[in-house]
Structure formats: structure tokens, C-alpha cells
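There are two complexes below, and they share chain A, which is joined by chain B in the first and by chain C in the second.
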Partner chain A sequence: MIFPDVSWAAIAPEIALVAGAVAILLVDVQWKPEPRVLGGIVALSVVAAAVLSVGQWFRLDTPSDITIPFGGMIAFDRVSVLARFVLLAVTAMGVAGGWRLFERLGRRAAEALALVLLATVGFSFMASSIHLVMIFLGLEVGSISLYVLAGITRERPDSDEAAMKYFLLGSFASAVFIYGVALLFAGTGRLALLGQRAFLDANIVTRPAVLLIGMALVIVGLGFKVSAAPFHTWAPDVYQGAPAGVVGFMAAGAKIGGFAALTRILFTGFPLMADEWASVVAIISALSMGIGVVLALVQDDVRRMLAYSGVAHAGFILTGVVAGAAAEPGIWFYLAAYTIQLVAGFAIVAAVTGSAAGRSGLDAFAGLAVRSPFLAAAFTVTLLGMAGIPLTSGFVAKFGVFVSAWQAGFSWLVIVAVLASVVAFGVYLRVIVVMYMREPGEAASPTPSTAARWMLVAATVSTILFGVLPQPLLDLARNAFSV
Partner chain B sequence: MVELVLFVITAVAALAGAVTVVTARNPVHSAMGLFGTLFSLAVIYVVNLAHLVAAVQVIVYAGAVMTLFLFVIMLIGVDKAEDTSEHLPRQRTLVAVLGAAVGLVVVALIVSGRFVWVPAGGGDVEIPNGTVQAVAEPLFTTWILAFEVTALLLTIAAAGAIALAYFKRGLIREEHE
Partner chain C sequence: MLTWLILTPVVGAAVVALLPRRRPELYLPVGVALSLIPLALAGVLFFEFETGEAGFQFLQQALWYEPLGISYRVGVDGISLGLIVLTAVLVPISLAASTSIDRRVKEFVVYILLLEAGLFGVFVALDLFLFFVFFEAILVPMYFIIGIWGGERRIYAAVKFFLYTAVGSALMLAAIIALAVMHARQTGAPSFDFADLLALDLSPSTQRWLFAAFGLAFAIKVPIFPLHTWLPDAHVEAPTAGSVLLAGVLLKLGTYGFLRFNLTLFPQATVDLVTVLAVLAVVGIIYGGLVAIVQPDLKKLVAYSSVSHLGFIVLGTFALTSGGLQGGVIQMINHGLTTGALFLLVGMIYERRHTKKIADFGGLAKVMPVYAGFFLFMAFASIGLPGLNGFIGEFLVLVGSFATLPVYAVIAAFGVILAAVYLLWAYERVFTGVPDKPENQRLVDLSGREIAILAPLVVLVLVLGLYPKVLLDKVAPSTEAILDRIEQTTDFQVPEPGRLADVFVAEGEGR
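Our next item is the complex of A and B:
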């Protein structure tokens, strides 16, 4: 009799999240409570998952302490715990920032909240997987939840359209990814990343055609998920059509999961082929930065602007990926800083133009400084953080990945990145000017929910705090990696 | 030899079915083409000793999924006219050129590396045993976590279907009330 290699400690946070999702669905069926009660269950399970993650962190003594339970499916190491911290923060902030949406969804709030938790589980598994099949499953669990969330306000045709587009293009990207996985399996005979690395260590592949095609397809598939150019075309339409209250979580969760999987595959599975993939990733990075900032400049809809700026940020993060495993702490600092700003940005968009609505024209932000000084100030800090102004976390993040890329010999990429950052500043400045310089129209003053207010305070404080005092977070990130 | 003959017959049938799916004007014909493809693939699975996959293919895909397709087609109406005009100019040419380019690259790379198609294989690869017992044991030991996460997908599908189907009754309340 063979028994499975179960490690409850390794998946305890995920179990807490799944339990929360199931509890929400069952409680909703039985008692039909107010959304507030369901929100309480979300908070409970996210806090439980966070506490369990802290426990995992201290159970793992050193960065190199790694066990691989479940027959080699997932890694129990500090990297996955760090990724989960970022993910849980984004989930909590996403639900708090979009709380008005869940209130308005009525009876559908239970499903929406359960899907948010399940998406978190999927991306969390993506981050801890060390096996290509498991990465794919995590990707699908996360993505399919997001497809539904994009269309949760189906009575609006553009939400329906966003969900359909996201679903079709996302399925296509998943198919590309799984084809790549199949070719990597064909090339190495293994699906576990450490096994593939050991194979490449022990063998010289004289004709690596299958491996190279496989790797290219995997990069394309994950490039779609993190909305890197030229695989970004879904992002603006989806960000614009999906209900504002949930876009922040969607965008941030997909970026965290996608980059976690990409770095794991490239750094753990194929570090020996870095010469091959680094140049490809560098080109994708440069394209993302260029296309992202230029198209963000000409958008008249704040959400499309944030979508294209998200493409640019995917490019900035990829400059770190190009540098290899040494840049990993920098990549995670960037992901933490940026995803929090992203969630905060969409919480403000939701407060100003409606949490269930689609489209957020720039005009709706005219004179926001007069109508709601708090929101205008929070948005200003968030946008400056995204632009990477010194004394914000965005600056430290950009500096970190650029230095890594420079040291890895990709100076041309750093020059492109710095130029793109300068143009990107113009993108964000445009919104700030509209908020502070233009006369407010007839529009009413936006009133964010209490949860959103607290969440925005937390996001703003963290953007400034990690800009002025980045060391604790940097140390935390460095303590997760053995570099 | 028998294997080769079987493969050729089923492969041709599978391809013919796939072409029918795309080209048939009548959706029922498309569904039948898909049925042919799925069934031919099941035969190929049996030849490769993947008995469980073959059974699942016939029961789930050729059985349940195809029935569902036919139901949907019948409900929508077979003879409903459809607008098939294309809105993106030169899309077909572009797709043909790009598709051919990708195909050429793949073929060129594979031909140039054909002697190391599966370098990991070596001579000691066991022929996999795809019977039900042989699949069940690893499924519930090595792959237990993947199995459980797949169960999550079903939960998501159920919750998602309810959420998306519910929208007429639970109209979104007004903003800024």
C-alpha cells in the first residue's frame, strides 16, 4: 500500500482560503445573510491564511530550506510564502477597495467573493508549484475565476464583452502554454522543474529545437497572463469593461501569479539555458515598455490608461527577469509595490465612477481635488508611486530591477527602461493635472466606503513608507532567496 | 504493421473530422465531425495502451459533451441564419501568412533536430501501462494534490455558472444611492 506524500503544513494557507470560499457558498445558500457577513468570512479566511503563512515562514529556517511534498508537485520554501504574503495583501485590499460592488451585487455577492478567494488559491499554487502540471492547474484555477469575475455584472454589455474576450484569448494563451509544457516534456522527459534542471545538468542537448520551441511557447503563455506586449491586447478592453470594483484584484492577482510561475520556470527549471531565454525576455520587456507608455499617453479613459501602464510595468518587471535569479528579491519588491498601487488605483476609479460601472473617462476626474481631497491625494500618491518618483516605493522598485539588468549586461534595456519611465511620468501627470487644475463639473462628490477608505490609507502609507524606508521589505524579500 | 494501418486509418478519420468541424455549413454536421475526431482519437489511445483515457474520451467527450453540443444546437435552432461577414479586413491572408510562418519554423526546427526528438528517452523507457488500476494508484498518491486542485475547478465552474446565470433577477442596484 502506497500512501501519498502529504504535507499539511505546506498547503495550510490554501486550505484556509478554500474553506472560506466553501463556507461563503454554503452560508449563503442556508441563511442568505447580508453581504457584510460574507465579507467577514472573507476577512477571517484571509487573516487565517496570513497567520498560517507567517507560521510557515518561521518553520522554514533559512532561504535554502526547501522541501518538495506531494510527489514533487509544490515547493515548501520561503519564496512561495513571500509570494503568498503579497497575494493575500492584494486580495484583502481588492475586496475592501471594491466593497461597494459586492454590496450591489445582491445575491451574486457570495459567488463573487468565493471566486475571489478561489482565484487567490489558484495564484498561490502557481507561486508554490515546482511542477509544470501543477503550475498549469494553478493558472487555470486563477484564470477561470477571473473570467467569471470580469463578467459578473452581465447586465452591462461591455462587461459581458470583457468576460468573453478575456475567456477566449485566455483559453488560447493557456493552450499555447500547455503546448509549450508538452514540448518541454518531450525535450527532457520530465515535468518537475528540478528534474528538468538535473537533466540539462547531466546531458548536453546538441539539437535543442524542441526545448527552445517549448520554452518560447511557455513564455508567450505566461506573457499573456502578465499582459506583456505583444500579448497585451486583451488588457485594455477587459480592464475597461469589467466592474471597477474587482479589476484591481484581477489585474494584480494575474500579475503576481504569472510572474511567480515565470520566474520559477526560468530560474529553477532552466537557468542553464539563460543565454537562450534572456534575449527573448529582453525583447518582450522592451516592447512592453515602449508600447505600454506610448499607448497609455493617448488614452482618454483612466482604466485604459492604467491597463497600458500595466503593460509597461510588466516590461519593467521583465527587466529584472532578464537578469536571472540574482534579481529575484528586486522582482518581488517591485511586484509588492506595484500591485498594491494597482489595487489602490482601481479602488479610487471605482469610488469616482461607480464600482459596478464600466468605462471611466478622464473627464469624471476633473476637479476631484475640490470634490474629494482625500481621493485626489490618495490617487496622486498612487500615480506618483507608479511613475517611480523618489521617496515612493515605485522608485526603489524600479531602481532595484534596473540595477540588476545593468549588472547582467543588458545596458541597452536599462536605457530603454529609463526613457520609458520618463514618458510614463507624463502619463500619470496628465491625470494629476486634470484632478487639480480643471474645474469640477456638476458631478457629485464621490463617497468611498469605509473599507475602501482604510484600504486607501494603508496603500498610500505603504507607498510612501516603502519609498522612504525600503530596507525592512527588501530584507524580507532577500531572506526568501538564497542569493 | 497492424498498428501502422490502424494509425493511418484513425489519423485520417480524425483529420477529416476536424476539417468538417470548421468547414461544415450545418452545425449538426460540425458536431458529427467532432464526434468522428474524438472517436478516432480514442482508438489511437487504445493502441497506445491508454485504456482509461480511451474510455474517458468515449464516455465524457463523445458521450456527454457531444450530447450537450447537440442539445445546444437544437435549442438555438439549426436553420437560424447567421451573419458570417468578416469585419476585419485582410484577416484571412494575415492569418494564413503568419500560420504558415510558424508552421515552417516548427517543421524546420524539428527536421534539423529530428535525431534527438526525445533525448531523455534512451533505451530503458518502460511502455506506459494505461489500464484503470495502473492510473488509479499514481492518481491518488503522486498526483493527489493535482487531483484536488482539479476539484476546485469544478467548484469554480458551478459558482461561476450560477453567478452568470443569475443576472436577470439580481439587477445591480443604483450607484451612489
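Our next item is the complex of A and C:
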């Protein structure tokens, strides 16, 4: 029996996260500490993972420096490290932003925090894997953690409903994905992405039907995870039903993991079939943008609005995917900018309408500018960032993927995208109107937790900073890719 | 220098934002004082500007994002110089006129100063990415200014304003991306630099598409008929300062954009599409004038008069003659001064009577003689009475467009008459006769502060009316350069009486 080569360095950050999750569960059983102690453990393991990732980044000399330990399951390269950075930032901000929820959960806080860490591990593996089976394992670890998180406030029926819906549809999507993987295996005889690429390099596939169906199913499965239309129907209900404190993390983590896997599969495994998948992805992208912005426009619940706007953003990111590997730095800039805004947005929703509540009606935001100028200003910057107004990171992000798509010849898609952005302005302006131009009702002034406050400051500053000076982050992203 | 011009209002906004909450009476005076710094800078700019040079001056450049060819490049030429000074003049004035803003004053001052920074940015940007950033970013403060401090239907007006203008600029973004990608195809590297893009070789059909995309964005801003419907709403609902800056400067973004980008980047398309734009401009002139006549609301009347006046600017621009282009540029400044002043005057009477309905007034000249004097002066300037600034601009436009578009020029001349009709008729209804309404009899005349606000505008109107050479000499080389470029890159030749540079530029200073 050949024992696969082991590289602890490649998976050290994930080990730190798993150790954190295990420690939380053990400590909780033994000492039943306050949630803040558990929060400390989360912070510790996230910081440890981040430090280890920085170490990995410098250990890898060039963008093209790639080793594939564990029998070709894991890719040890800068792409994985970059994805993990974004993921860790989102995890830390998600936990900080929803901290009130974890305090309220009391005895269940340990479960919830451990699940957050495990979900991070799952998505991190999705990003760093270069083998279809490993991608599937990461997907399942992440997804199952999220199903449970969605229902963590189990005393509320709509939380239960959200968890159930997410679980059923999510499992179905996983099944679709794994069926696609099976067909890709049938078509190429390989499961490792590099192997599949080599196979397509060396052979001419005369009847590619199996491959095409397999690829379509893989795109559908991951399209569900990133809530691209028409596979988005679960998102509004889950975003609304799940406790506000964790939705931000759930949505952001799933998007990062999903896009990491999608780009890895399409760009690494099947660049030679780009003509076939690009047009499919372009149609999904256009549908997502169109359906997302139009339905977001008519929502009266801020969380459903953010859910549909998330569908639209999936579409915007897909315009970059269409353009192929050259767009990868742009895609990751977009993911970083958007997911940070996403967790910030939900942190504010949680602060305003309650971290466990199931409704976040637009009325709850009336006159927020008077009741809490800080939250209103932070939400405004976040929403303008999502809208892609210049001088925010959202604009640089949109601009980057649009340029790539135009260069790749998808000018029609860019025109659809800019028009969708205009409708999206309307979506976000509605909320700003309510915050600044409506009189406050009887509602009390919301007070976010200290952790949430700092997290919002960080998110707001980064949104503006990377909007004005995008160069450092873009350079970082470019350094991860050999384009 | 130009970077400071953009930064000082931003710093000013930060200073105002940090003022203590307990001293709300400080916000406005500090805001006015801080906005005098960019005004001083603009003054220095104006006098340091090398007259007779066609190119960009005070150039500054820094790499912003290299792989995409995006750089921070700013510069000023004769076309943008006047608009910068206009912006710098109007901001302190409109702030000083905003004493009736009674809530959230701090935010108001901050938004106005941020708006000023954005406007400077648009006029100095020489990189299309940078231009777009400012062009779009301006919407945000203006949106808040209308939406928070506006009239009854302010939210509707603010959202309409934002979305209307955003539609246009979205397609312009696509066109900008297209230009950069074409630059990458032709030279190997993408670039958003205006000078680089001028060197592009574009087929006529490509030019037409891109012209349309840019043109839509600018046409909505101007606004060119039939894209003007956002304007009356935005103007009527906006607070006085908002209206002044909207009419005074924001509308000029459209005409400036046409002149700066459409004419130079897409000369062939410009020549091909002259008729379309000329028709729309003339329709705008006549339509705006006719609608202004029947407005029962004084502010709406001034708003529709803008549609008419900006039609002149567009007509002049697309006449493609020396007179037309110079007249267009001069008229941008003139319209900013006179319409800005008219909006200030309407705001002043509104603060006293809380109505803008013409029918509610009558005989005000007896009660408020000074006010009536200022109003009549500005109305005459707007109509184009010789000796005042409006005359120079409209005369140049009409003379210039007669050379290439005689029929349109003749029709447009009726617009001048219409202007006399709607403004003088409004003056008659508001000011002459006996003040028979008791509310009107107790009105107090302008205070010293209000006179001080209006005085600089009166001075500028007189200066530009009597001695337009100060500005024309700086404008002419830049507009001539645009015509040169069009003549060199297309078959179009400006007909003989069209290049009247020697007549309008004083002897010895012609090209």
C-alpha cells in the first residue's frame, strides 16, 4: 500500500480551526463557561489560522508555485491562501457582528460557535482542494454546519422552517453536484482536476455529451450554493428565517466556498471547454442579475432584500467567471469586498431588529439616522458599497469583472450588468431613504455590542479605503494568480 | 494645485463634521469660511492660467491602478477653467443663503462641501475612469441634499433624479470600458487616459455607438428634450442651495461632457449626428420657453427656462464653429450665474411668504424695491440684454450656428423672445401693480446679508457682459483646438465665416 505524502504545512490553518472547534466543545462540557470565553477561543483559533496562512503565503514563492500533497487532494498554492484569508475575515466579522445572538443562545453558544468554525473549515477545504471528491467533502462539511446554524434558535418555528428548507434543497443540490462529479469521472476517468485537464489535453472527445451534462450539473449544484438564479429560491426564506446574527456569515461563507470551487473546477479542470461552459454561465449570470435586482426592489423586509441582492451579486461575480482565469483577481476582489459588506449589513440588521428575530421590516429602519447615526452611516456606506457607487470597494469590484467580461467578448453581458446595477441603486436607495428621510417612530435606539461596533468600523473603513486605494488589495489578489 | 482644489472641500467637510454638537450656530459660518479656501485657489488658478494655450495646464499625474491603465490625471484648459471658478463662486454663496435650513445643518454643510469636491473632480479629471468616479459620486451628496432638505415630494424627486442620471451613466461606463478594451487591442495595454484614447482609431459605426452611450449620459444631465422630466421635479423640491448648484453647475456636466469627450473622442460621429442634436436642442429651446410661460410656480418657471437656455448651449456646441463653441462655453458660465441668482431670489421670497405661486404675489416692487431691482437685473441678464452677460453668450451661439445651421439658428432666435415673454410677464405679475394682498404688504426688503450674497453675482454678470474678453481669451484656444481636431480627423470643414477666431479674439492673440 502506498501511503500518500503528507504536508502538515498545507493544512495547518484548518487544523487550528478544527482544534478551536473541538476545544470549544470540550471546554463547554467541562467548565460551562460564559460565552465570552468561548468567543475568545474562536478569536484565538481564527488568529492562529490567519497567522499560519500568512506563513504559508511567504513559503510559497510565486503564484505558480503549487504542490499537491495528500495524494492530489489538496492544492497548496496562493489561491487557497487568499481564499482562506477572505474566509477568516468573514468568520471573525460574522461572529463579532452577531455576538448578541451567541450571548442569547446561552448553553447553545458552544454548539453554534463550534459549527461556525467547522463551516469555515469546510469552505476553506472547498477553496484549497483540487480534487472533486475533496471539494464535495468540503462542501458537505460546510453546508451541514450551516443547516444546523440556520435552525439554532429552535424555539422559533420560522427558524426551524428555514433550517428544514435549507437542508432539503441543499441536500438536493449536493446530490446534483455529486451526480455531476460522477459523470465527469465517467467522461474522463479522473477525479483530480489536473488529471482531467491532462486527459482533455491529450484526447479529443468526439461525443462530449457525458462531459457536458456532468459540467452542467456541477454548475447547477454550485450555483445553488452561491444562490445564483434560477437556483436561488431557498435564499430569501433562509435569510429571513435563520437568526440574523449568523445569516451574514452563512451567506458570505457559502458564497466564498461556492465560487472558490466553481472557479477551481472550471478554470483548472476544464479551461479547454471554456466555449461550452462560458455561454451557460453567462446566461445564469444574466438571469441572476435580472431576477435578483427586480425582486430585491419589491421586498419590504430588509433581509429578503439582502437575499435577492445576494442573487444579483452572484450574477455580477459570474460575469467575471465567464471571462475565464484572467478575471480571477477581479473575482476575488469582488468576493472580498462584497462578503465583508454582506456580514456588515447583517450585523446592522441584527443590531436594529434583534439578533434572533425572524422579521426585519423596512419600517424598523425608519429614522435610524436620528436614533443611531453611527449605525445609519455604517449601513449607508455598506449599501453604497453593494450598489457599486464610485469611491467604494464595490465600484472597483464591479469595474474589474466588467472589464474582464468585455475583454472576453461578452459585451452584451456587461450591458445587462450595468443596467442591473442601476436598478440595484434603487434597491439600496430605498433603505437609505427610510433611514434618513423618514421620521423615527416609537422604536428605541438600537445599541450594537462593542464587538459589532468595531467590526462595523472595520467594514466601513475597508469599503471606503479599498474604493479609493484599491491597489494593495488588487496586487495581493494578482500575486495569487499567474495571470 | 488641482489636487488641493479637490481636497480642500473634503478637509473642510471633515472639519465641519468634527465641530461640537453643542454649537450648531457655528456650522454654517464655518462652512462658508472653509469654502472660501477653494474659492481663493480657484482665483489663483484663473490668474495663473496661461492665456492663449490650448492644452491642459497645471497637469498632475499619479499612477492609480497600473495593470488596468488607470491613473490619477488632472489638468485644466480654457473650457474647464471657467466652470471651476463658477463652482467655487456658487458654493459659498449657496451656503450663505441657506440660513433657513433649520435641521441637520451640519450634515447639510458636509454634503454641500463634498458635492463641491466632486464637481471640481469632474472638471479636472483627464482619465476617464477618474472622470466617471467623480461624475457618479456627485449623485450621492445631491441625492441627500434633495431628499433630506427638499420640499414635500422630496423623496420622489431625489430618487427620480438619482435613477434617471444613473441610467445614463451606466451605459457610459460600458462605453468607457469598451474604449479601454479597444485601446488594449490596438496597443497591447488598456488605458483610460484621455490623451491615449484620443489616439484610438475607431470605425464610424463604433464611434456612433460610443457617442450614443456617452451622449445619453450627458443628454440626461443637460437635460436635452425629451430627457428633461427629472429636472423640474428635482429643482422644485430641492432646497435653494441645491437648486443653485444643480442649475448652476450640475447641468453643465452634460454640456461639458459633450464638448470634452463626444466632440473629441468621436469626431466622425459628431459630424454625422449634428442634425439630430441640433433638432433636439431647438425643440428644447422652444419647448422649454413655451412651458416656462405657463408655469404658475416661480421656481418651476426658472427650472424650465434652464431647459431652454441649455438648448442654446447644445446648439452652439454642435454648430461646430468658433462662435458656437465659444458661445456655448461662455453661456455655461452665464447661465450658472443668472439662473443661480434667480433661484436665490426665488428662495428669498419663499422664505418670507412660504409660497412660490406667481398668483400669490403682486405689486411687490412697492414693498420690496431692492428685491425687485435685483430680480429685474437678473431677468434681463437671463433674457440677454446687451451689456449683460447673457447677451454675449447667446449672440455668439446664434452667430456661430448661423454659419452651419442657419434654419435652426433662426428658430432658436425665437427662444430669446420667449425668454423675454416668460421672465417679463412673470415680473409684471409679481412686482407691478398694487400690493392688494395683505400678506404681501408686510414683507420686508432684502437684508444686508442677502444683498451681500447677490452682489458678487451682479458684479460678475456686469464684468462678463461688458468685458467678456477676460474669459473668451482663455476659452478660445481650447475650443479652436477641438475644431482643429474635427477638421483633421473627418471630411468636415468649418465653412468660411464659421472660423471667426480673428474677430472674437483680439488682434495679435489669434491663432
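Following the convention adopted for this analysis, the second predicted complex is superposed on the first by the 481 of 483 C-alpha atoms of A that agree within 3 Å, B and C clash if a C-alpha of one lies under 4 Å from a C-alpha of the other, contacts with A are read in each partner's own complex, and residues count from 1 in each chain.
Quick note on the criterion: contacts are C-beta pairs under 8 Å (C-beta built on N, C-alpha and C of every residue); 3 or more make two chains touch, one makes a residue touch a chain.
Small disclaimer: the values here were computed from a predicted structure and weren't measured.
In the superposed model, A:415 makes contact with chain C only, not with chain B. Contacts of A:114 after superposition: chain B is touched, whereas chain C is not reached. In the superposed model, A:209 lies in contact with chain B only, and not with chain C.
By the document's definition of touching, neither partner reaches A:359: not chain B, not chain C. Of the two partner chains placed by the overlay, only chain C lies in contact with A:478; chain B stays clear of it.
Put chain B and chain C next to each other and count what each touches on chain A; the higher total goes to B.
After overlaying the two complexes on the shared chain, residue contacts for A:426 are found with chain C alone; chain B is out of touch.
Of all residues in chain C, only 64-68, 129, 132-134, 136-137, 139-140, 143-144, 147-148, 154-155, 158-159, 162-163, 166-167, 170-171, 173-174, 177-178, 180-181, 184, 190 touch chain A in the complex they form.
The residues of chain A lying in touch with chain C in their complex are 384, 389-391, 395, 399-400, 402-403, 406-407, 411, 414-415, 418-419, 421-422, 425-426, 429, 433, 436-437, 470-471, 474, 478. For chain A in complex with chain B, the touching residues are 2-6, 11, 18, 21-22, 25, 70-74, 100, 104-108, 111-112, 114-115, 118, 121-122, 125, 133-134, 137-138, 140-141, 144-145, 147-148, 151-155, 163, 186-190, 199, 203, 205-210, 212-213, 354-357, 444, 446-447. Those residues of chain B that touch chain A in the complex are listed here as 106, 109-110, 112-113, 115-121, 125, 137, 140-146, 149-150, 152-153, 155-157, 159-160, 162-164, 166-173, 175-176.
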